[in-house]
Amino acid sequence: MRPNRLRELWKSGKPALNGWCQLPDSISAEVMAHQGWDCVTVDLQHSAVTEVEAVTMLQAISTTDAVPMVRTPWNEPGVIMRLLDAGAYGIICPMVNNRADAEAFVAACRYPPDGIRSNGPYRALMYGGADYQAHANTEIVTFAMIETQEAMANVDEIAVTPGLDGLYIGPSDLAMAHGEPPVLDHFDGPIVPLIARIREAAHAAGKVAGLHGASAEYAIRMISEGFNLVTPTSDIRLVAAGAAQMVADIKAG
Amino acid sequence: MRPNRLRELWKSGKPALNGWCQLPDSISAEVMAHQGWDCVTVDLQHSAVTEVEAVTMLQAISTTDAVPMVRTPWNEPGVIMRLLDAGAYGIICPMVNNRADAEAFVAACRYPPDGIRSNGPYRALMYGGADYQAHANTEIVTFAMIETQEAMANVDEIAVTPGLDGLYIGPSDLAMAHGEPPVLDHFDGPIVPLIARIREAAHAAGKVAGLHGASAEYAIRMISEGFNLVTPTSDIRLVAAGAAQMVADIKAG
Amino acid sequence: MRPNRLRELWKSGKPALNGWCQLPDSISAEVMAHQGWDCVTVDLQHSAVTEVEAVTMLQAISTTDAVPMVRTPWNEPGVIMRLLDAGAYGIICPMVNNRADAEAFVAACRYPPDGIRSNGPYRALMYGGADYQAHANTEIVTFAMIETQEAMANVDEIAVTPGLDGLYIGPSDLAMAHGEPPVLDHFDGPIVPLIARIREAAHAAGKVAGLHGASAEYAIRMISEGFNLVTPTSDIRLVAAGAAQMVADIKAG
Amino acid sequence: MRPNRLRELWKSGKPALNGWCQLPDSISAEVMAHQGWDCVTVDLQHSAVTEVEAVTMLQAISTTDAVPMVRTPWNEPGVIMRLLDAGAYGIICPMVNNRADAEAFVAACRYPPDGIRSNGPYRALMYGGADYQAHANTEIVTFAMIETQEAMANVDEIAVTPGLDGLYIGPSDLAMAHGEPPVLDHFDGPIVPLIARIREAAHAAGKVAGLHGASAEYAIRMISEGFNLVTPTSDIRLVAAGAAQMVADIKAG
Amino acid sequence: MRPNRLRELWKSGKPALNGWCQLPDSISAEVMAHQGWDCVTVDLQHSAVTEVEAVTMLQAISTTDAVPMVRTPWNEPGVIMRLLDAGAYGIICPMVNNRADAEAFVAACRYPPDGIRSNGPYRALMYGGADYQAHANTEIVTFAMIETQEAMANVDEIAVTPGLDGLYIGPSDLAMAHGEPPVLDHFDGPIVPLIARIREAAHAAGKVAGLHGASAEYAIRMISEGFNLVTPTSDIRLVAAGAAQMVADIKAG
Amino acid sequence: MRPNRLRELWKSGKPALNGWCQLPDSISAEVMAHQGWDCVTVDLQHSAVTEVEAVTMLQAISTTDAVPMVRTPWNEPGVIMRLLDAGAYGIICPMVNNRADAEAFVAACRYPPDGIRSNGPYRALMYGGADYQAHANTEIVTFAMIETQEAMANVDEIAVTPGLDGLYIGPSDLAMAHGEPPVLDHFDGPIVPLIARIREAAHAAGKVAGLHGASAEYAIRMISEGFNLVTPTSDIRLVAAGAAQMVADIKAG
């Protein structure tokens, strides 16, 4: 099976730069995949991307060395298994609030006896290789998102869930859950210690920690604090911010 | 009929800032349309956008005040009429090389007796209003692209084609046609006078001039030289350049 | 945030006329949205419409003043949140049978602390405005469908669910659930008192009441009985009934 | 090869009722095909329907006995051949202005030695049967649209084009071409004799005559005048008119 | 209502040959449906097929006499009801592990009072006929997949679930669940008695038994052992194996 | 620029095995691309594949080493340029009947000064590399199809067209053009010398020769006769023939 380069990166102590695709088309995904990211995540939760486009986006990412990942729309076994069958090498699951959520998520990602994943990797076999089923349980990467008060209360026992590879932070949800505005980059304020707490819980359990953000500056800071995966932007954000800046620059000129 | 804001801008002597959509999805188009452009062009020539996505992209742009435009894939009456029926308020036609090309292009855009456009504006009626057919010939904007040696030789007689509203420059094609590399922004070099020549031909004929570019700086310069419409970037360019910069910044950090 | 015109209508004591889209394309949705409805609902339950088309249909409706609504395929938080992110200003949820169902439905529609909705309104921000998250909990309209025996038994406690805005009746399901044929318009018979019972439960709880139907005559009667939202037809019904009538008229002629 | 029921109808002296599909989805097409039309035409000229949807729409129509027809977006051999390969049993070609146009259109529809159609009926073989190529030239129906001043001047020599089966009138284009507003149903006025002239040219050449309209009343009148195929409405028209009437009726109630 | 030919086959003691569609397009489905299968199943679990393509695939299958079936992506009532509304005449549900799973599955497939299916068969009415709702509960075929250790332990009580028509075996999942490699055709080895056990449980309950396989030889053997439905290949398998063989043959030549 | 492996193969005197994709989905294309073909051609002429699917199919093929090719629907510059922009490394053009046709085809494929191709390789740049424009004219492969009587008469002057790389034979069209049934594999009969004639014309001009067929046996024979590229099957053919054989085998068993 084609090895998961994320595992190799982390073994060597390096952080992963993660691109984020919210635009529902395979051209945008291929463009993103060519820009030097270690992995590229197709977001099926907060976007117009459905499984229809996700498959062609995973194909587009597979024309490069970037590791193809997805964020599942919800913690549902049917869609998780379909995304894995389509060749995702990593899954980020939103709203994992307790140990039971984490276990259900992991079970959907692993073949028996580790989990309940059903067999039929119609595209993963092409991307991963003919021995895919023999190694998928240990190659595929799983991230549980910590983004609610309940999840904060259970973060340690979530972190130690067998088969779970990492915790991933949605800072804006985490902020809203704690009565703060939906901001992504927290250089200071009440969400900073929560983010540190989650990172520490992951590392204490021997797992990796990743998070969402909205700038290179914040990504650099988070890497320096030990995060193993950072997502500093998305394609929608690049189009919106880039275009707005261009219009402003010309009007100013 | 809903008036074409481009005509109003030009009457008041102002240039139009034009956004450019190459990504084949309606979300990217809606994001672009919200960033302050005067008009947004759906490019069906050099992109994966087909008529399938173009229609939903025109719908997405129509949720804003930005004028919906298209670049037709080629100077073919069938597709030009279909794009107008779908609600495009402006058409940019590539590779117009002589007066006959220009006349054929304009004829496809105008109802009789001005042209040969067939009646059936299934969506344009909704966007433009119930009196669409009575005013479409004078509201819809038409641009002929000047981007070959032959077109340069015929630029004056193209410019004066009745019913043609403007000339639009594809600088990279113009460069390749004259033995230069496919560069967009020409601050100096042999393409600069050609660009000026086209602008002057347009203005001499009482028409507008527009051009493609790749930076705010160039757009500002071109506006200062009298261009009436500038396209300083595209959604693909924003994703590619923005992501590459983000990756580079983080790696540098 | 763009105000929800449905709330304004109801505050002024007026009923809402609701268009219903079952055809999976954005042109049909835009055509519907131009015919004078106060709101237009994209039906993802009993139709071929999936999230793929729903997004472009919501864009199409957003070119008009009609309030964009959806019927979710099922009471599942993942899809409900995705439809809200896509810009739905109202959600009708089928098969709400008891208080727990109603609470789960409402929770999926509301940001913390009122609910568990996850943050990421990628399109809703464009449609609603930059302050969307601050007001979404009070602007978005939620309807629970009452259409089973169990729901009838629990109608009062469903109606008073905090955050739920209204009850919506699926008369044909309600009929089948009570051993009657799947008819929509009930001018008399055993379903009439059930419909009245639901309307009264909604109003007693200070909520609105809406229902499905199949004729102007029935819609007029239901409005006169106090219903706040009526759905008198759908695009599929208009095509089928209109075409069958046309064929019959010509054959008769 | 499955016989073309239109030819059987015409042999028995009966007119054909033709449904018209402008909505780009296969559900609307299937709904239309179930309402009793003799044939159903997928319109690729004045609609958002492209070849993508046309194929699934032809499949949907093929679940019924209605003869599947198309209107090609333009008189281009590539797209005409593709639509025939997809299983269209009849083709209506817009803007046929002279004998050369008509001959080019017919040539694209016929295999050698009658024409230049290329072999590869990937779906037509399934719909028509294994002997499709042996009979397609005589079963497939071809209509040339007469809708310009030039076409009126050449109507007789267009009508006698070998291999052409009929003339089809686009009344609103014909009206605009003669300085009249884009109306479909002409009960009186200057377009009436033109329509009669085209019908007579078709019949004099031993061909059939068809036309577009917008009411049962007009279709009945045209049948009584000898037209062999009438198109009295379209799916878009049914949705728009039906919904507007419903809203008006309820507001009046 | 159009009768379900599978029930007729089984009444006459004949096995059903089942084609299997994993390619997400309606042309492949129509090609499959023309090859002589008694029924054709659209697989939404282990494929890129979503509801978007499934609807057009069901339309394509409906151009033939083959019974249109689906495998639902998961045991979820929302999607099961949508697939039935789209005209599926049979549903195979994966991962039915116990009586509660089986009852939930069947309930989603049956109208009250037998189940909880919601009314709105927008396409099933066209395929099945106007009296669809009156007969759907007894015509639609339901298969529960037995493919885990838990399901083996509960196979008898699953088999006798009222309203369930048959058991369907996923041999590769069953093998993985019992520590064996993911093989489809089990001519010998430890999975053979499990397959026999499931078949016997089905027949003991008066239900039918079906299974997946990968060769004509295995299908023939399974029919001889009493299986009522066999699936010997899929479209993806035919493309992959056929192309690989062709390449090998030419290279060998 | 990524080198075109077809040119390398031919330089070393080896024939190319060409897979053929008529199914309009990217999964089928990816499956085909994994079976060992030297190149895989997406057929946009005789299939339901449009540019919409062709782009994702080219992406899918690009996940492998197989050279991505297309057959253009017709000899039209707009679509040819769009397919090249999408990353096609080879183009087969149908119905090239004379020197003018061949020159127009080649011109559409080559940047100035060799041709008229417009600049904008939005995806080809990613697949080919940043120096794509500098080398595309010499790397992209062009095939003219010889399949009519007129083409036979002009085969020599077509073959020597500068910039044309090869001749490709459509045997069934060639047969029909000469009064024979539409057969692909011609082991004997009147089409055999025509096929030899085309091959000799290509080789005499220093060009390559390719052809379509329907079996390994015929491909082997044609390779032995000197053909440089053979297409022995297609995905549709594999599904249809494979499924029919499977059904027959089981019924025979």
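All chains are identified by letter, namely A, B, C, D, E and F, in their written order; residue positions are counted from 1 within each chain.
In this section, a contact is a pair of C-beta atoms (placed from the backbone, for glycine too) under 8 Å apart; a residue touches a chain by one contact, two chains touch by 3 or more.
No experiment lies behind these values; they were computed from the predicted model shown.
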item: Recurring contact interface, reference A-C, options E-F, C-D or B-F [over half identical by residue number]; value: B-F
item: Chain located farthest away, centre of chain A as origin (C-alpha); value: D
item: Chain D and chain E, separation of their C-alpha mean positions in angstrom; value: 41
item: Averaged-CA centre spacing for the pair chain D and chain B, given as whole angstrom; value: 34
item: Computed distance of Cα centres, chain D from chain A, in Å; value: 52
item: Set of chain D residues in contact with two or more other chains; value: 22, 24, 27, 31, 34, 47-48, 50, 52, 55, 76, 79, 122-123, 236
item: Pairwise chain contacts, counting only pairs that touch as defined; value: A-B, A-C, A-E, A-F, B-C, B-D, B-F, C-D, C-E, D-E, D-F, E-F
item: Residues of chain D defined as touching chain F within the complex; value: 50-52, 55, 76-79, 81-82, 85-86, 111-113, 116, 118-123, 133
item: For the chain E and chain D complex, residues of the former touching the latter; value: 26-27, 30-31, 34, 55-56, 59-60, 62-63, 122-123, 126-127
item: Residue numbers on chain A that touch chain C, as the complex places them; value: 22, 24, 45-48, 50, 52-53, 73-74, 76, 79, 94-95, 147-149, 170, 172-173, 176-177, 179, 181-182, 236
item: Interface residues, chain F side, partner chain E - complex; value: 17, 19, 22-25, 27-28, 31-32, 34-37, 47-48, 216-217, 219-220, 223, 230, 232-233, 235-236, 238-244, 246-251, 253
